[in-house]
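Before I ask anything, let me first share the structure, which is written out below as structure tokens.
Chain IDs A, B and C follow the sequence of writing; residue 1 opens each chain.
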Amino acid sequence: MRNKIAVLQLSFLSIAAISIFFGGCGTRDRERAAVTVAIEGDIDTFNPLFAREIVAGEINDLIFPRLIHPEFNATQGSLEFAPFLAKSWESSNGQRDVTFHLRTDFRWSDSVAVTARDVRFSFELYGDTIVASVRQSAVQNFRRTNGKLEVGKSIDVLNDSTIVFHFEQARPGQLFDVGLPIIPAHIFSGIPRNEIRTSLHNKAPTTAGPFAIARWNPLQEVVLSPSRFPYEPFTPKLSQLVFKILPDYRTRVEQLISGEVDVVSGLRLEEADLPSRYPSITIISTVGRDYDFIGWNNIDPETYTQTAGREIKPHPLFGSSRVRRALTMAINRREIVKAYLGEHGQEAIGGVSPLFRWAYNDTLQPLPFDKAQAASILQKEGWRDSNGDGILDKHGMKFSFTLNLASGNQLRNLMATVIQQQLKDVKIEMKIEQVERGTFWNNLMQRSYDAWFAGFSVPLQMQLDDLWGSDLKKYPFNLAGFRHPRVDAILAEVRTLSDETEGASLWKEFQTIVYDEQPYTFLFWINNITGVRTRVQGTHIGILGTTHNAWEWRVETAQTQ
Amino acid sequence: MKRSTLLSAGLVIYLFLFWKKIDEIVASIVSLCSYCLLTLSELTSPATYWRHDVWEFWLAAVVWLGGGVYIMWKIWQDFQGQTVAQKWRLRPVGFLAILAFIAVCAPFLTPIGPNKQGDLVTTRLLGPLSRGALVHTVPQDTEPVELSSLQRSYEKSNNLLLQQNISFHAQPHDEPNETSATKMSSIRFLFGTDDIGRDVFSRVVFGTRVSLGIGLCATIGSLLIGVIVGFLAGYTNRALDTILMRLTDLMLSIPSIFLVVAVMAFLGTSITSLIILLSLTGWMGIARTVRTEVLRLREKEFILAARLLHQSGWNILRKHMLPNLKPILVVAATLQFGSAVLAEASLSFLGLGIQPPTASWGNMLWQSLSSLHSGWWLGFFPGALLAAVLIALHYAVKDGVRQA
Amino acid sequence: MSLFYYVLRRILEAVPLIFGLVTIVFFLSRLLPGSVTDALLSPTIPETVRDQLQRQFGLDRPLLEQYWVWLSSVFSGDLGMSLARHAPVADIIGEVFPNTILLAGAALFLEVVLGISLAAATFFTKRKRVEMVLANALLVVYALPSFWVGIMLLVIFSYGLGLFPSSQMYSSGQAGSVPDILHHLVLPACTAAIPAAAGLARYLQSNVSAVMQQPYVLHARSMGLPQRKIFSMYVLPNAITPIVSLIGVEIGILLTGVLVTEVLFSWPGMGQLTVAAIYARDYPLILGCTLVAGVVVIAGNMLADILNAFIDPRLRIGG
């Protein structure tokens, strides 16, 4: 008996001793004006040529200079640009040439001045196929020399502080394209182009933005500090900006509550009432650029794969727009939004975000949820339950399919289950299969799924060719294989307009066509819910991201003791 | 407690449920009989009338009636004074048997199908014992197809069984009126409702099937592979031993996450592939312990004697080794069973668990933790049952060994 | 056969094993749908860029040739370049692996200590009821999913009592401070160790009760030796033999990364790295992780076998 107690005591005492001993050591030695942002995953690279992760992009925007930086005009719903490295700019030649006048006080962290040559060099790299940058598409509209795209020749450096961009066509999005981060020419010109990808400079970059990298502990944190050279008005008011990597959702929320982190994006509806329990937290819920949808493959995947895309047949189940319409009507989107998103989401009618007020067609109402009408449409289309097994059929083929979704999204998983039940009510059998992410996107791009549940993020610019263009080879993101000549014409026409808001009526017509055709069942636009501790002031969290104006952030000293 | 008291209590519960579900039980029998008669009388292929979602009712009805007869038989025996020996020993086995019975008869034990969802807004996350109202849509004869009376009774009983288009609502929020197309009844959510308004009790009951089934199959799978590999390695020649043990090491050293992704990519996410995956990843520990044990055993006198008598390897394994391996295998099997059920839960984390909407204890447990707002009842009941099964299993097998 | 030759033989056997492992993983990973270029480039980027990148990575060459190139570079000590992280594989793994060793070491230590003391506790219990409760509790604890254990530990000790930090390896700005790291280590190590310790204790328990029936123990008892002495001198050494191989397996599992624990506590370990590599189809990194994991697992098993052979010389003959 004594022995037992001794053994137990020993083991428990040792644990208790460890906890007491180290409990006191965790001094939270945070600097006063430091702000911590929680992020989900690690940074892939500090080179804007290759950064794929959204957070890496946001950090790169803070540590590298850009000619101009975007600002979103919420009342108009359109993108505007503010000076950054460029003091001013003017366009000529029917808006096909744009001249930028650069500031001369920007310095790289090794004290070399940032000049127009860095700008041209950067865009040469963005366009170089050897470099294979992720942002390749930004230079596609640059002026071609003898029909060939040579970025170096479509940018003229007049002197250190003046640079002219020549575009092939005047397009509304061209300023957006030239807003990419600039990288130091004196560092990267000495490296062979095909080795830039693996250069050590991508981990410890030479920077020239408002912030500089203080340290990076992989899978732990990225710490930014104000850069050595202040550039008004972009001088940070924070002493540090920490990006803390926390893969687990619960941990992010708990650390926001405990004050270990100050900003957490992507909160769920359950956390929207945090301020009522914790007054030191505010919630910012902004209409996002993200929508969720059920994709119906409009084309027959087998024929498409077998003929390598030469032959296209309508999908046996989803080939008819009336059937797709019935499917949409059988899904109770309003209830889903009400139950899972509350006021932090809204039903979607198409792929144009309500953010872009000028282009959004608010005369269209979401299709009603009406099982009876859905059933009667399906019956008119020839789908009826002839053998009494509870599943519709037509010419011996059952209305049964598999909905694929990428694994790991709990909310989508639940919603898929709800939708499954609702479709069963109109005698449609839907199986659900989760697929590992890499496999999911690969199969989706090969158009081999019948139906899928996914989400999209629309670009900041109203450029939807990639998503809606009929050339399925050229536009792989037209996942549904939706082909419509009028939509192509509209997309081509808005591309030629120099002021994008002139295209408003065209965009509205586009939405009407999509609404009638229902290539997808659009479910909802989902808000980005961000929790911010009240001590952090001056944030402007919205569709441009979380930290896009981090140099304006400040810490309310009264609340930090 | 006396055995007869227990049995009588069982009989009371049985009769109560029988009375509650009499219509469905009758419908199942009618459906089964008319199916048999239809197939016999028309001599067409049975597939015309085969309904994949109805056969589980048939099975349940047969087992249900059989179970009742069995209980009554036992009580009669008790009254005859024939007390059955080893009643203590039978307890864990009895518990498992009841669970198996529940798993088969699930359709008659649940107030509503496990995947039927209520109104998302009003029936979501209701606590245990809260009330709801069921709205049945009365099936209407829309198809003016000529049916024989046999066919009609078949269809009618099937419709009753599947209770097409049930939706339900929580009581206090709205009380829809009965119309000609709908019929109302009341429901009590014993274990509450989940995130999408499904009855947790029904899901736990139906989840018994999936969890026990997967646990059983995966355990048998890994035991089979593990024992065979371990025996061959320990008993036969050294070359084979080396090869098999290196193979075991090889399997152990492939990162399991990699195997998961690979299996998902090639076999998909069906229950079969799940069982294959769990068997494939579970046998190595067993093989190693079995081999160590066999190496120890083969030097024993009785094995040497058997070998001298030129008994075949299979006989030696069956007659001499297995009885001695049993204690180890028992522990290994109980642990393996538990970890297989749990592994399925952890795999939900990567999306390779049981696919929705099918319920299993594992994925219910996982779901209860992954959403913050979830009530305690979501995870408590499947978790408690899982623990109970593991304990029962342990004692059941232990007693079995003692008897052997 | 002397122990030395036994060890030597095991090491020699390990070489073809590792070779087989990387071969399997190499071809399996190439068979997975999707390619690293999909992860690196947006699908809207022109085909020529993609082809160029494929060429640059050497992915356009025949599979066997790629295999050969990779194999020969590994034998010259170079694990290659990570395709998605743009850095040498050896460096990436080198940064992460020490963290995993730390966590695994702590977890293993806890597991063995807890496992043996729990088994001892049940052994020394005189009251049947306590023994039964303990045995059942062990079963239940073993049945707890590690994600559940982790979340409960977090809720109680971190969010509730605030005794331990909820995530990461060290407080911001305190990298390298030993007490700080140990403080962060407690909860993840417990998460990984508790269910495993219960399993270990269960195995030990059943072995102990088997050994208790052995004549030498009965003899010792009849001689009137104290319980403690019987346990430490006769029972434990004999009961522990199969356990050693179990621990060898355990070492491998822990060192290849405990994914759920790592995600829950934001612990930068091999599990997270491997998953990220698989998702990105970063072939060299997948292979690098597998290679390291394989070597570790095999070393762990080897250690277990050697220890077993050391304890029980009969095993050296057989295998």
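The rule is simple: a contact is a pair of C-beta atoms (placed from the backbone, for glycine too) under 8 Å apart; a residue touches a chain by one contact, two chains touch by 3 or more.
Computed from a predicted structure; not experimentally measured.
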| item | value |
| --- | --- |
| Distance-maximising chain from subunit B - centres being C-alpha averages | A |
| Result of counting contacting C-beta pairs for A-B and A-C, higher pair | A-C |
| Gap in Å, rounded to a whole number, between the CA centres of subunit C and subunit B | 31 |
| Rounded Å distance, subunit A centre to subunit C centre (Cα mean) | 36 |
| Length of the line joining the C-alpha centres of subunit A and subunit B, rounded to whole Å | 43 |
| For subunit C, residues contacting two or more additional chains | 32-33, 151, 278 |
| Contacts with 2+ other chains: residues of subunit A | 250, 436, 439 |
| Subunit B: positions in contact with at least two other chains | 261, 265, 349 |
| In the complex with subunit A, residue positions of subunit B that touch it | 48, 51-53, 115-117, 119-121, 124, 143, 155, 158, 162, 164-165, 195-196, 261, 264-265, 268-269, 349-352, 355-357, 367, 370-373 |
| Interfacial residue positions of subunit B with respect to subunit C in the complex | 233-234, 238, 241-242, 245-246, 249-250, 252-258, 261-262, 265-266, 284-285, 288-289, 291-293, 295-296, 299, 327-328, 330-331, 334-335, 338, 341-342, 345-346, 349, 362, 365-366, 369, 383, 386-387, 390-391, 394 |
| Residue ranges of subunit A in contact with subunit B within the complex | 250, 253, 268, 270-271, 332, 335-336, 338-339, 384-385, 387-390, 406-408, 410, 413-414, 416-418, 420-421, 425, 431-436, 439 |
| List of subunit C residues in touch with subunit A within their complex | 32-35, 38-46, 48-50, 52-53, 56, 81, 84-88, 92, 95-96, 113-114, 117, 120-121, 124-126, 151, 154, 157-159, 162-175, 177, 179-180, 182-183, 186, 227-228, 263-266, 268, 272-273, 276, 278-281 |
| Residue ranges of subunit A in contact with subunit C within the complex | 1, 3-4, 7-8, 10-11, 14, 18-19, 21-23, 25-30, 36, 41-42, 44-45, 47, 50, 52, 129-130, 132, 134, 136-137, 194, 197-199, 202-203, 217-221, 223, 242, 244-248, 250-251, 254-255, 258, 260, 436-439, 441-443, 445, 466, 475-477 |
